[in-house]
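Here the chain labels run A, B, C and D in written order, and each chain numbers its own residues starting at 1.
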Amino acid sequence: MSKDHPRGHLVARGLKKTYQQKGHAPVTVLEDCNLDIEPGKLTVIMGSSGCGKSTLAYLLAGYIKPDAGSLSIDGRAITSPGPDRVLVFQETALWPWMSVMDNVMFGPVARGDQSTAQARKAALELLERFGLIDFRDKYPGQLSGGMKRRAEIAQALMNHPQVMILDEPFRGLDEMTRELMQEYYMRLFEDTALTTLFITSELEEAVFLADRVLVMGETPGRIVSSIEVDLPHPRSFEVLDSQAYLDIKREAMDALYNLALSPEGTG
Amino acid sequence: MSSVENTVSKPHPGKALVAGRRSRLRPPNWRGSVAVVGFFLLWEILVRAQVSGFAQIPSPVTVVKVLFTSYLLDPGYWESWLTSFQRVLYGFVLAQLLGIPLGLLLGTRKTFNYLFYPVIELLRPIPPLAWVPLSILFWPTAELSIVFITFIGAFFIIVINVHDAVRHINKEHLWLAQSLGASRGQIFRRIIVPSVIPSIAVGMTLGIAVTWNVVIAAEMIAADSGLGRLTWEGYVSHTGPVVIIGMISIGIAGYLSTLVVDWVEKRMMPWKTR
Amino acid sequence: MPPVNKKQFWYMWLGYALALAAWYAATAWLPVAAFERLPGPWEVITEWFSTDPAYGISLFTRDYYIHILYSFYRATAAFLMAVALGVPLGIFMGWSKTFNDFAAALFGLLRPIPPLAWVPLAILLFPSSESAVIYVTFLVAFFATTMNTYVGVRSIDNDYFRAAACLGSKPRHVLRHVIVPGALPHIFTGLQIAMGAAWFSLAAGEMIAAQYGLGYMIFEAYNLIQFPTIVIGMATLGIAGYVSSAAIRLLGVRLMRWHEQSLGMEG
Amino acid sequence: MTAKIRSIASAAGHEAQLDLAPRPAHGKLTITEVGKIYDPQGAAVVAVSDCSMDIAAGDFLAIVGPSGCGKSTLVNIIAGFDNLSSGEILLDDAPLATTEQAPRPGSDRVVVFQNGALFPWKSVLDNVMYGPLVQEVMTHREAKRKALDLLRRCGGLDRVAEAYPAQLSSGMQRRVEIVRALMNDPKVLLLDEPFRAMDTVSKTTMHEHLLEMYHVCRKTIVFITHDLEEAIFLADRVVVMTSRPGTIKTTLDVTLPRPRTAALLASEDFRALKAKLSAAVHEEAKRAFERGEREQA
């Protein structure tokens, strides 16, 4: 995970995914979906709810298989889930029956990469950095929303992934906590230059975080436009009041509006 | 944090199934006490006024008198307690020991599920007590047949609950474990088993109530000991107070078992207690 | 859970066949006394479908249907009484805190007593053993209906009450337009549980204290050493219980189209 | 404390005035030194303290602040769901809530809820007709005609009159809920974070719909949100509240012209207004967040 030679080049070519439902016509969620996630950058995929963003995330993580097309990371084909690309879920997938510590330690110990003692040490360091050290023996149900998200990110980082995939990770948080979490993730990304694919349906979140915003279209889902975000790093919330931000936001808004055929369609 | 804004909203209850059994009733306040006292007063008055139907019913005062004079110090009475408790314990524990693994197997093994789940669905609607005659025929002793019927009462409940829980396991929990490189064994032990514990608890809560119901009825039909038998003999010998004492004892016994089960459930799910 | 695919369909029948075969093998060949006393599947089936049954009960005898009708009559009578009393009571308990304070204490007092422990007392209380059996059946159904209705009312989101108040509702409007429809899903869950519990109690009650009825039939068959009839009775009880629950479920689906819609959206 | 609000219509010039419906006769809210203390287990929690504001009839007021700052409490008191501990609220100069007189919910102040409170067991039409029917101010036929008319005028919602709420998108649900409120011709419309958890496109669409409705049937609106842009875009005045105790930190008059369109979001005026508020709000949010985490420990 070095800044000079970032890894985690995710590539998708011609992805297609169709869901069969009993008693319904099959639904094609993704078709001809192409994707290039630049290593060391924070790429945001932006689309309205139900456009197949999550399906794309599941494909990249290896949880489901595409009906057509190819997926690769740093040139290797993706065939199954693996610790090189960890997905942080909508809401949270922390295991409620394990303490925060056990949740964070799980990966390396399960794979046998680290002894329990080593993993404990590494986990303590991470939790310290995430401001969760006092909560290490609590269960996830005892944490606030913002803490849960941080614990989940720590759990993923423990595995030194080459790419982080975050699927609407701050959904369900109240707006204030959400903004602070965005800033938090921004700091983390600026420190580590960890290749990140961030999925969201919120434009402000997208523009604030992204180096590049990919706009995803609906039925079937595919990437329809790409917007470079050249806001300066390090970024903080002052950037939201800048003219540059508002211009980019406007550009993205136009892209989104062109997508929504009529306001009725999405409203 | 947001408790200030939420003080007015009510908590949403969990599964409807649990609602019927778990005592989510608030501790009694003065109104509750009035209701309870009123209940006993009304009973006393109805008996004293010799309202029709109450001819053979003893008054609460009589019941208490008989309880203190002839039962509390009678070892035979306490033996009935012990016998019924033993039957409940055996039937209940057996149902858990066999039902939980079977539920897990049905939930995780597709072929096994396809083959045997329908058979279970077929047997489940048969009321446990309808098994009494077959059970007596099959088992060499009456004791074993009662334990078997008790077992049947709790068995299907736990199997169905565990099976449903495995099927509805949060798939993100499984995926995450796969991503982090856990083996199948690790996933089973550390993800699947803890995931179904809340449902096991639900099954236990429902099961203990059914178990007492079954034991009491089975004792009335086919045993010569236990609290159910005590109550039934009270009826046969036309001694009203014994019938009431039997019922109260059964109620208390059932309540005590519920407390034990609740205590065990809490220990099973440390993450649910705040 | 009806089969969803072909494989499952065939495995289902294979499962039934295996169960029957095991039953047959155990009763016919196993040299264990316990199994030899049990009737085998062939015995049961021939008896059930015989026009001239050896023990007087088959699909073609009048007595069989008399037993069934008796049981259905008792179950239905008890169930209807339970609904007529339990639903209003549960609604009232959920509606009025004062009333609930009174009622909850009594429920707390009586509920731990298993309904079947009431049988002797019920016989003493009521003029005939017939009403005693119905009473015991009623009791279980009543508890299930009342508690679920109560929980149903309590689980209605407070915002609906507030919205109703905003729109100028009087208490009777709240009852009719908010409480009853809002609690209906829980009420129907309660009715299904009540129906199952009713058959459970009925079988026991009939064995202990009735003339006629399927429970009585089973126990009588045991006393008269007519073993195949026991199994016929068990199977019939199972079918009767299943059919009644299914009928309630169907009624619930018809009455709550909106609820099906909401569930459909979630899935 | 009676800072009169500049009339937006007159400030915005003639063109806008044509579009915006005239100021209604009713719906003036006077909130004076309102405080609310919750006392659950002896530990008094001050949810709102010393809160004063005047809202002229037909004004659009937004309240922003971090979660738990008591903005919902304030709305609950106005709506009549909750009583106040000190101060008073007047509606059209008549007492609505005082320390002696607990407020009661009424159809003159209708709330649109955060998570939506359309009755899921009633069709859209039945939901909208509900108010006038239970108040017995309209016959079934009149109510139906008015409901369909209102639904049609608010973005053609009469198309889904027969649908159940669960069959609609959350945006449509919220619009129907606003129509249900408007059916009662309320003096005040209380919107409690109605567009929370919607994606950007739906949210922007909703803003346009809401402004359209505001232009057609102008009411006094109290709009609660924690989204600054939303507040500035919609309101005539934005009030920033602090948390625990909830007091008013700043008030900002929004002098942007109406009718407003999405183009406004990229304008220099808008940016300037936002910059003015965001520092105050972020500071407040951080404070609330950190305290929340400390309390958790």
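The working rule: a contact is a pair of C-beta atoms (placed from the backbone, for glycine too) under 8 Å apart; a residue touches a chain by one contact, two chains touch by 3 or more.
Fair warning: this is a prediction, and the values are worked out from it, not measured in the lab.
Each step here moves to a touching chain, and the least such steps from subunit A to subunit D number 1.
Taking the mean Cα position of each chain as its centre, C sits at the greatest distance from subunit A.
As a whole-number value, the distance joining the C-alpha centres of subunit A and subunit C reads 49 Å. Subunit D has its Cα centroid 50 Å from the Cα centroid of subunit B.
Shared interface positions of subunit A, defined as residues touching 2 or more other chains, are 142, 144, 174.
Shared interface positions of subunit D, defined as residues touching 2 or more other chains, are 67, 81, 292, 296. Within subunit B, contacts with two or more other chains are made by residues 1-2, 8. Subunit B meets subunit C in the complex at residues 8-10, 12-13, 16-17, 19-20, 23-26, 28-29, 31-36, 39, 53-54, 56-57, 111, 114-119, 121-134, 136-140, 209, 212-214, 216-217, 220-221, 228, 231-232, 234-235, 240, 243-244, 246-248, 250-252, 254-255, 258. Per the touch definition, subunit D reaches subunit C in the complex via residues 79-81, 105-107, 109-111, 113, 115-122, 130-131, 134-135, 164-167, 180-181, 184. Across the complex, subunit B is touched by residues 58, 61-63, 80-83, 85-87, 89, 93, 95-98, 106-107, 110-111, 139-142, 144, 155, 159, 174 of subunit A.
Listed in rising order, the residues of subunit B touching subunit A in the complex are 1-2, 170, 172-173, 175-183, 186, 190-191, 194-195, 197, 269-272, 274. In the complex of the two chains, the subunit D residues touching subunit A come out as 66-67, 155-156, 169, 171-172, 175, 196-197, 199-202, 204-206, 208-209, 226-227, 229, 262, 265-266, 268, 270-271, 274-275, 278, 282, 285-286, 288-289, 292-293, 296-297.
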